[in-house]
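A short worksheet on the structure shown next.
Think of it as A, B, C and D in the order they're written, each chain with its own count starting at 1.
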């Protein structure tokens, strides 16, 4: 088979999987939040509300497509696409098993970091282009926040890279044969988790769309499919970063034998996703200035120290 | 940090609590006897309408949602026990605030608020209910 | 170096905004995220309730009072009926007073629970909102079992109550009193120790003692600024002098202090509820003055006097001697005052309400200046205004 | 003036004033049941007991006149105890009827019980039951249980009506009110009883269970059934006229209403009302109809007849539009007698001699009769008796002998004589010769207003129609076929364009080219001038059906050619078949309440002298067309037969009466 065609097919399959995963993560989140909050979550569409995504999709497609007056039409139309594309494209370099990836470049991790940073363009351009004060404030917050947390995340991931001695994600997983990095790199793991949450614009770092303050933040003026694309991007971001987290720190697809590796990875990803939902159900939102303080004054120094420490240990062992 | 963990532990505790949501149209929660829901016009032991059309309910209603018009009972086939009955009894349920003043005002225990409360229609006219809607069927 | 031109942005928060508690509009001038100036704009929920009192008989007007502070309707009921009872110079029996106190304190807890839930939601904490509403459910169930309605019960009457309490109420109250401390402990576990929450509220929105007094702020917001003023203690009504309870105060005057005061108040209310239920006197639950209260229903079918009184009181209502009276009560938001004027007729001549939320809203102008946009929602929530009451 | 103190408040009143009135002047209300300001005090109910210093026992305020220096207390414990006691006794056997009683909400028993009465009952035994809901046709419903025996109704019959329609029956605890020996009321003034009754013992059949007083929007206005224009209060609920109530105006009605005025409220709801303008029988829009009218007004000589229904404003506009107009389409010729002082209704109360000239006030202006029947000296001249109740010196004469009879009267001894005349016949000279002020009773409601507005023409418009001199004839509130004494059908048929504006389809609307439906009474506002020359305002209280007359005239331009050179007016003297107004036969333009409509459509009664040899109750035919029942009246001139007004259309002087042999 033509390798290009094969990659394309794998890509399509990955997108399909991601979209399905998105749909059910959303149901899961609503269910989990519901259960945390003494509710049932969706129950009406299909058994246990399992067809809810379908209903949502139909609703989103049928919604009136509002384009506010005075917007920058091109960028307004483009922004949700950028977000969604960035989120989907990350997965191209994420392996979900040994030799199971759309493509597994040697520098996969760098690609992941690069594309994760790209998503902010969609958010900030979308908010900026929609000619709304709330959206503008939201997009400014998102920009500042993502840049701040990008650095700390990079540092945390770098520590893993140093420990594993490779920037290939498959390599990192293989490096965890003896011990998962979550133990030696616990600081990096916590920083990664915090940053991933912030990167995904999720509570308690959901400042860019802080409902009580900014109505709906950067996507205030988006409806229908455009809005749906932002939501998809957010959830796919969350899933992908959870997968990456599982790969980096939890040994990826490794686990005791009878259960296939793919299931292990799914399980670990699920745990990380659940953790994010749990946090969302519990914590209040940070204030903008405190968020920046936290990122620059705490996370970044710690991540740096951790990286330095890891480097020293690796060098000493070396 | 301890505070954060305590919070997480608290929410986790609620994960196992029984749900508060009632799956409403399928199941109903119990309503107390005094619940002030939709109105009925009751009948007496002989099956006659209790309402004699005295219009006290209409006078007591703070939002003027009740319209009563009375007439004399037809000889031989009376609607109610006395000389007088209400040939027209209308409640504008959209205007009603379910305060229960009409029930309190009725000297004949005719108008009563029941625990029934499902009120649903797409048409405004459907909420203007008359005697046929209100009066309980003859036993 | 190139000159940077800066300008401020005017942001309309509300009247349709998720966190303005109804339909408050704040015209906020922001410099980045910092508020330079804030001007509250009220009146979007103006429904002419004060005027509506004049179109109703004295007894019908109870339903009007319900609808101002819809989170604590029974407190409003009480303020109004006490004012009219003072004009009429009638005394209600002790059982009636105890039931009124019981329900006012339940209302206070229920109102504070809504405050707590929405405040937390405003700050982004979701689950506690549901827990608060779930805790409040028990109180609404009591309203429902007693008055038949959860939200606008119109339970009180000039001269008494609509009904006596139902037999199942003592059990419900006991269960609720058992649960209340557990709920409060959980709420504290979710908020008190949480550094994010603390960062959002400590030192934010400081309302000084002098400023609070100057603006006429009352209720928990005043007590959080260090003034131990409570109408229940200062001018006891409905037998509050017979109950033992504290008036919690704090001195910081910030959002945190207001949070603390309200949390403590819920505990104090619990004490009053316990005392009211335990010491509930037997006997009549409305005045025996038949010229004001409706006669017992069983008499309607045998006593001409009762029927006539019933008929006249329902159809045309009683007359209230000419005069004017101001009756304050301590609502969950502060001092709710009813200034009621009678010209001797069957309808109020004028009813003017002193809504605590109105004065508490006025102070926003000062509290928001110089704060961040995110603080605005915390401060608004901490002042706990109900726009139905502000606009009336 | 006498000065006394009531509850510490000093008040000065005329000598002879009763305490209850003095207290009212001092701003103190003393509860009363039997007392009524228009009736003599009775002291029957004991509700008005008050404490007077230096008097050992409580006194009834309604029978005690004031005296100098009196100190009265109305709220002492003794008084309150007495009030409690009286009310407790009244309520013992009062039925538990408030919810079904029409008086509920405006009942003195309720009001005083709430204000002065005991809060609860000490009485445990069953109540005594009596007859309920007894119909007393045509309008009253009597409830014996509810009666508190205040006797207001009985005294009203005695003192005001001098009739005995409602009387006390039995004695002691069996005492009740009712009609003795017959089952109908038998008078024209029954409705006043429903207002006098302080409880629900006497209620009104047409208003039965219709409304509650708190639902009524009450508007003062006037009644336009006859030319007196009594003041009324129109009570409207949900846009429907529910009832008319007394609105006391001493100058006009003296605080009473007749049944015809009170119950003529059916127009607004009548099903047979005209609804659309008709042009040659086809329904058209108002614009088209008025354009047709305008064309007709410009096509040839124009004349108009009417004025009884028109307001003063509409009458003036009618005159402007048609040019040649007349209100005299009935037998009446004069709205006032030139050269003689004009009397007003209140003059009747002061007159020492009243001369009725061929006039029956009870049928023609009923409330006027209440002022006349008290008088010691009433001279009743004419072929038909004018006084039904009360003493009168009867001067019987033939229909054409009235002037002659008048010349035989000498009023020189009288200080304040008043002549009452209905403007029929050629009697102006004879009446002027009497030298007394004249009170004209008009056949149509606003004759006086129409006269003042200039609706009088030299000559006879209908005769001109018959001669073909008129192209367009407009009948606005006139029906010559019913009220004109001769056969005018041929004349109306000869008119090229006949415009009729009316409320109902009538004989003339069938002949009309253009029919315009107009607003009826209580549907349009305007002023009316009554028989005493008093101009009053009528209010619009219900939504109009059709346009008002005034509005129609406002939308038109004046006629190009008012009719000229009319033939002289004819006199309609002579003949023995007299057509006279009759209260229940109603006007052609009014619908009563449903209850009364039945009475109106019943067989008419013709009155004949006993010498005619017809037995009472015989069925007769008039002109072989109209069936009627005979009543025998010895007060008539032997040769005269009286037929009720308007029941028979267009009866000429040559009409014949024929007895029917019962099948």
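The rule is short, and it goes like this: a residue touches a chain if its C-beta (ideal position, glycine included) is under 8 Å from a C-beta of that chain, and two chains touch if they have at least 3 such contacts.
Fair warning: this is a prediction, and the values are worked out from it, not measured in the lab.
Colleague: Just by CA atoms, which chain is the most central one?
Modeller: Central chain is B.
Colleague: Counting C-beta pairs in contact, which comes out ahead: B-D or C-D?
Modeller: Most C-beta pairs in contact, of the two: C-D.
Colleague: Using mean CA coordinates as chain centres, what's the gap between chain A and chain D in Å?
Modeller: Roughly 93 Å separates the two chain centres.
Colleague: Could you state the distance in Å from the CA-based centre of chain C to that of chain D?
Modeller: The computed centroid separation for chain C versus chain D comes out at 61 Å.
Colleague: How big is the gap, in whole Å, between where the Cα atoms of chain B centre and where those of chain D centre?
Modeller: So the centre of chain B lies 48 Å away from the centre of chain D.
Colleague: Between chain A and chain C, what's the gap in Å when you average each chain's C-alpha atoms?
Modeller: So the centroids are 44 Å from each other.
Colleague: Where does chain D touch two or more other chains at once, residue-wise?
Modeller: Each of 98-99, 104, 212, 214 in chain D touches at least two other chains.
Colleague: Any chance you could list the residues of chain C touching two or more other chains?
Modeller: In chain C, residues 127, 130-131, 134, 190-191, 194, 196, 300, 307, 311, 315-316 touch at least two other chains, as defined above.
Colleague: Could you say which residues in chain A touch two or more other chains, in rising order?
Modeller: Where chain A meets two or more other chains at a single residue, that happens at 36-39, 281-283.
Colleague: Report the complete set of touching chain pairs.
Modeller: Applying the touch rule to all chain pairs gives A-B, A-C, B-C, B-D, C-D.
Colleague: Flag every residue of chain B that touches chain C in the complex, lowest number first.
Modeller: So the residues of chain B touching chain C come out as 1-4, 6-7, 9-11, 13-14, 20, 31-36, 56, 59-60, 62, 97-101, 104-105, 107, 109, 113.
Colleague: Give the list of chain B residues in touch with chain D in this complex.
Modeller: Against chain D, chain B makes touches at 52-56, 58-59, 67, 69-72, 82-84, 107-108.
Colleague: Along chain C, where are the residues that touch chain D in the complex?
Modeller: 289-291, 295, 299-309, 311-313, 315-316, 318
Colleague: So in the complex, the part of chain C that touches chain A is made up of which residues?
Modeller: 9, 11, 17-19, 33, 120-127, 129-131, 134, 190-191, 194, 196-197, 199-200, 372-377
Colleague: Tell me, which parts of chain D touch chain B in their complex?
Modeller: 97-100, 104, 132-133, 208-210, 212, 214-215, 238
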